[in-house]
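In what follows, chain A forms one complex with chain B and a second complex with chain C.
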Partner chain A sequence: MIRKSGLLYKSFYILQKDLHQEFRTRYAINAIFLFAITTLVVVSFSIGAAELSQNILSSLLWIIIFFSAMTGLSHVFVREEEQQTADTLKLVAPPVAIYLGKLLFNILLLLGLELILIPLYVVFMDMSVGNLPVFILMIVLGSTGVSAVATIMAAIISRTSAKGALFAVLSFPVMLPVLILSIQGTALAIQGSSISAGMDEIQMLLLFIIVIVTASILLFEFVWIL
Partner chain B sequence: MWKIIGTGITQAFNQRTIFRKLSFEIKSGESLVLVGPNGSGKTTLIRIVCNLLHPIEGKVEFYYGNETKMAGQLYSSIGMVGPYLQLYNNLTAFENYAFFRKIRGLNVDHGHFKILMKKFGLAGREFDELRTYSSGMLQRMKYVCALLHSPPILILDEPVSNLDESGERIIYDVMEEQKRSNILIFATNNPEEIKFGDKKIRLAV
Partner chain C sequence: MKKNQSNKWLAAMKIFTFFWMIFVIIGSLYLTPEAAGFKSTSRVIFYHVPMSWVASLAFLLAAISGILYLRTKKLVYDIWAISSVEIGFLFSILATITGSLWAKVEWGAFWNWDPRETSIVVLLMIYAAYFALRSALESREQKAQISAVYSILAFITVPFLIFVVPRILFTLHPQNPVFTTQTGSIMSPKIKLIFFSSIFGFTLFYYWLLRLRVDLEKIKNNLLAKKRQDNF
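On to the complex of A and B.
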């Protein structure tokens, strides 16, 4: 039985508060969606009628997702610092609950973006997906990994002066394994490979998510309080 | 019965010592006032007491009876108002109240919310976003959020900043009530407020 004041409830209340704020201001949503759609249109026009391999299609999709994430996922912590609500939050909730709430928000934001971006990508790039369930699984796992890295990096950079540049520079090396695995896995799904063919990527992505979330939970208190 | 004991607290920024070896003790039914000129470290000490800042030396311990309370066990016991603690400006007063109640494990109580809003002179503005509030109204709202869980420990930094005369009277009543059976710690240089302190720490630049 989970107490209403338990950690998961607190994470949920933080998520709820962030969603509420986001839907009212649409600060991150606007940034991330406009960037993704603009990039998609630019990519689509520059490719023209050229026929692309599954690997290229998958790479271009994840490049758009990566840069969109870099545009919007740091807002969860940057907003708290800029509005001077970070200290208020520190006084009322344990760091782990705050991290989990913010992580869930970033996952939802990225998946929400993909819900719109991917159908448009399929149409603009004239792409057909061979194995839809595996494709969706790869997108969900890859996005969770990207969000997990982005959330802890957002906490780290939120009190620095050159937030935007630092966020991308610090996130990219840590995110690289997720991107490579997601690109490979998504290419397999576009080809129509079965789930067993993509099992290596799925397992590695799951492992990466577990490691990065665990490490973030352990480190977050030091990043957040000090 | 709550007790806070600060022992040998030293803080420095960039090799400049703010204060050295500060100690204090305060228990329920008492109040502690921090006074001193600008830059003497009143806010720094307040932030250390709230665990928003770690001192380079010394510690602050919280006791409930004989039981030591760790920082992670104090979320529902401390209420704080300070110029650097802001509320969520794009949420309404009620949404802020609901968030801070729920995160502290309390149910959202509309009746209680209305009573608090009336007490702090904000009745009728319950469903307005805080960005439409004046600075004085925001200060009043900070008290609504700091007191919504009836905290046994209330910490105030510049308690009446931005408030008009009626707002000041309300806050003085709150401070009087708090120190009667709970702990009140506050930082000020206003002679009107200093008299609320049973114990005093005078900080120097």
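On to the complex of A and C.
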């Protein structure tokens, strides 16, 4: 059971609030979906009928995911600043609950995007996935890592004066290990390798997610309350 | 009174560092033999490696200052952090340039995305982003606090990069030349002496620069505070 006063309950409450707010305007959803699909069409169109290796297929997929994340995932925090609801939010919930709620929202948003994007990618790029369970695992882990970095960076940039321009600049170097590991892991999955071949990537991704989420929980209050 | 004393020490250290570095430069060019396997280009280690060492030291100090700032909220730690990052950035650029010149001679190209080259590019990107972040924050406290958070987050990804980057690329960079024993140590005692003297000299040089930069930042802060007072 989840206690009503507990941290998890509050986090889910924040998540629910963000989902409500998102579906009212659909700002982040529109931005991220349209961006991802436009990029996919551009990539697919410019490549034409060329035969691509697994490494390039997986790199292109993760480039699309990375830039889509950079267009949509900062919205959870930037919205609070722009609509000047941040101060009220500071009063009603503890910082950790807010961070976790918004992290869950970003993970859901990115996974929701991939639910549409990846089938389209498979169709447009004429890709066959060798080992589907491993492929899904890599996508889920990679997206969680991308969202984890993006969420704390979104909190940071929402406090600055140049909100849009800084997001990718700040996120990319910190996100680079996730991107490299996901690209490698996904390429292995497309080739059809078994899960034991991708164990290194899975372990490192999990480790990275744990480290960055823990650090974010510890550091979030310094960004949020000032 | 205490300030005067420390200024005297700093002045003495400056002169000492000057003569020490002259000794290192002469030693590196005239007193040392060429390292086995490399020609005269091996002399770059007397500059390139200490520069990288100073850069790592500076970024480590910046991350520690960031943690101390978040714990104590004393502005002096932020002054140490920004000063250290600026000097670290300068030394990273110098290490990149010296490394790249050496790569042109030994590997045949200025740049070929060797893992070491990749990781220093990521490092430069991280700290360039740090400067961009600071300039986009408005109040003094925000600058200090949020950039401290970013430098800690950036610093904890470094171990991952060290593990991940060599997996995609194969390195030609000489590994740990000081303690290599496979080929009967490429470093003779003479080279070792000058090498460690150079590291010591560069560390002193870094400390001197850091103190100057910290003092400058303090003066700047005092003037800004005074200006604000006058305006009210």
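Assorted remarks:
The working rule: the second predicted complex is superposed on the first by the 224 of 226 C-alpha atoms of A that agree within 3 Å, B and C clash if a C-alpha of one lies under 4 Å from a C-alpha of the other, contacts with A are read in each partner's own complex, and residues count from 1 in each chain.
Note that a contact is a pair of C-beta atoms (placed from the backbone, for glycine too) under 8 Å apart; a residue touches a chain by one contact, two chains touch by 3 or more.
Please read these numbers as outputs of a predicted model, since none were measured by experiment.
In the superposition on chain A, contact of A:Leu219 is made with chain C only, not with chain B. Of the two partner chains, chain B is the only one that A:Tyr13 touches; chain C does not reach it. Contacts of A:Thr25 after superposition on the shared chain: chain B is touched, whereas chain C is not. Looking at the shared chain after the overlay, A:Leu176 reaches chain C, while chain B stays out of its contact range.
By the touch criterion defined above, A:Gln84 lies against chain B but remains apart from chain C after alignment on the C-alpha atoms of chain A. Look at A:Ile152: by the touch rule set out above, it reaches chain C but stays clear of chain B. Looking at the shared chain after the overlay, A:Pro94 reaches chain B, while chain C stays out of its contact range.
Residues 226 of chain A are contacted both by chain B in one complex and by chain C in the other.
The residues of chain A lying in touch with chain C in their complex are 152, 156, 159-162, 166, 169-170, 172-174, 176-177, 180-181, 184, 204, 208, 211-212, 215-216, 219, 222-223, 226. Chain A meets chain B in the complex at residues 3-5, 9-10, 13-14, 16-17, 20-21, 24-25, 83-85, 87-88, 90-94, 225-226. For chain C in complex with chain A, the touching residues are 70, 122, 125-126, 128-129, 132-133, 136-138, 141-142, 145-146, 148-150, 152-154, 156-157, 160-161, 163-165, 167-168.
Those residues of chain B that touch chain A in the shared complex are 50-52, 54, 72, 75-76, 78, 80, 84-91, 95, 99-100, 102-105, 129.
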